[in-house]
């Protein structure tokens, strides 16, 4: 069904890391997975007419959005370095907006707000890829695919 | 540099989820990213002769391995369902070994033990893919790629 | 009112532990206490007609059920070992059902679901006792008593 | 091997609880289990000559002692009420000493200090039992037994 | 409105600390900031007629009150020592009431209860100041100012 | 040594908050208290010749620096808003450096690095004060005092 070919090449850059050792491992998927969770919770909230489910959705979404924020922060202050800022002058702005959008997703049940959060994380993902992120920070490289 | 084509198809299954809403979002990458962190920390431990760095590595690895375990648990008790067990009779065994291997990675500085943990997570990943995980549990499908 | 006689015998087995040192200390009471909390919250939810109390109950129950799940996981992947699986071939199944039942308790206000969770934890407790748990994993042995 | 007879009597008191709902469930065993973990870690530390094991023991013990402190705090400010203080005028003093002893256990590898912590928790346990704790705050009553 | 005289002398005592190293750093502001958050959430709750906002307020307040409790505990069992108890015989009582009041704030939307919590924290602050806290436990001394 | 003029005016703005309600309460003291803890731990590390104390210091400092980072993040993405960026064009840069400095403090035992972290937090504090932070985000205004 799918073919798994993992690069045998060793990482080529020294990078800083989410655990601050630095271990050198980063991936914006950590933020995206939590943000997708927010999106799906909002979607299910509107599809449901169960009051208990709706009440639970509101606070569980709050937790997932908080985790999203944490993972965005990690990309911002741990992965990205001064040379990346030179390459992407709007780096701070994109990360700031993404963090603030994660806060917004806590406060809303509007699915468009969750989509905006995903779009901002995808911009971070693009900067991570354009700076060699997959090769330098992950042992297993992943790429979005068409089905 | 790369092309991002995200499936427009809606999820085809109702699945249970890591946040227990269930939100329907799962990905073994959450476990793999933390396990790669353990691998890299061990590697850097042996490459270093800085006593402070080595001391820090021991306890930070402990935290990343604990997170790995948590994400393995989520796959085991939240994503996998009885029909998956029918398809993969060794499902429990693989997840059990993966959890125990994450504990083992806390206790060792042997890089082979970290590799065994990655291999076990990859088995969980295969079962997740073979049961339609990428399409039913993620909005953005990712696939390992050759470089 | 009660007599406290704590065994002076040293533990007779080396066991693995909830903190992964392994420290050798385990007790299914950690899961049961949190599960009783879920049970009592549901009971009080139905006895109350205070909207604030009811709203709080829903999300606090979610937290206690998450802790229950964590403590069940610890028994499954840290306390139980291959020789226990030989003795109890349904070990995986009982723990899996208990974890899934803890998720179910998050999603419901049906007290029977909370009772099912307690019953499944008691099965784990029985396997722990039948494999020498109280003597090998606790310094102070406790036993359920009649009043 | 053992007989399990759980009281069918409903709790007779309204009590306050560790989750502040209040759910009405408390048990000093939560503190004792973590404190036994500290004791065993110190014991294993001295029995080992593995530098990695010893390094891990120091920081894992710190975490278990912190959890011990948390559970002592819960007994102090959530379970105990003014009428209990009338009955046990040294209630504050015992809890204060127990908290401070948990801090001490973080700072030492002296097993006698860990035993002092267990003894102080047992004093809290006695006050809990003497104020009807087992019957009013647990669904399953447990009692220390001789082997 | 009130005057508070802060010593200009450099630290004179070795003190114990919130991280149990002890690092020697304490400040009741940690509790007060979280308690002010509770106060403001209750105020905004009553000013709002947005059901989502109100639902979120209930559980977010719960978290902030839990943090308040934690920081009160730290003052009680880590900062205050036997010689402080001699100086302030009601030390235990004030801290106990403050902790219980933080629990009360979880359970209510009455702003007076939040004010009572602030007042109790201010009593702890006064005892901290009267025992040389600002000079011995902080590197930067702060003083409340009149408006 | 330095003078800081704090407005005596009552709150004039609605602001966003660290809990994302938004509750409207922020204070860079939360970051500073944790950073002072790091400073003191390093200082005590060098004053001690107790191997256990030194080992504990390394990982406890890691935790306090992580909390420092979290509180810096909160100021950056929750308190500061676009109009503040207009007033302080180096806002992103100061917060980025402060976050990265907190990571640096995890990795070092050099007290000058801890002092640099304090200095960067003080810059955030100045921007918070210059944008009306004390009046708009705290109920109790505090001011640094000369010694």
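Note that the chains are named A, B, C, D, E and F in the order they appear, and that numbering of residues resets to 1 at the start of each chain.
Here is the rule we use: a contact is a pair of C-beta atoms (placed from the backbone, for glycine too) under 8 Å apart; a residue touches a chain by one contact, two chains touch by 3 or more.
This is a predicted model, so every value here is computed, not measured.
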item	value
Residue-number overlap at the chain C/chain D interface, same or different (half cut)	same
Cα-centroid distance, chain A relative to chain E, in whole angstrom	35
Whole-Å separation of chain centres (CA-atom averages), chain C against chain F	41
Touching two or more other chains - residue numbers and ranges from chain F	20, 53, 55-56, 59-60, 62, 106-107
Topology of the chain contact graph, where touching chains are joined (line, ring, star, complete, other)	other
List of chain B residues in touch with chain D within their complex	55, 58-59, 62, 106-109
Contact set on chain B toward chain C in their complex	16, 20, 22, 62, 65-66, 69, 73, 76-78, 92-93, 96, 99-100, 103, 106-107
Contact set on chain C toward chain D in their complex	1-2, 4-7, 9, 17-21, 23-25, 27, 29-30, 32-33, 36-37, 39-41, 44, 53, 56-57, 60, 63-64, 118, 122, 129-130, 135, 138-147
Chain A-facing residues of chain E, complex	52-53, 55-56, 59-60
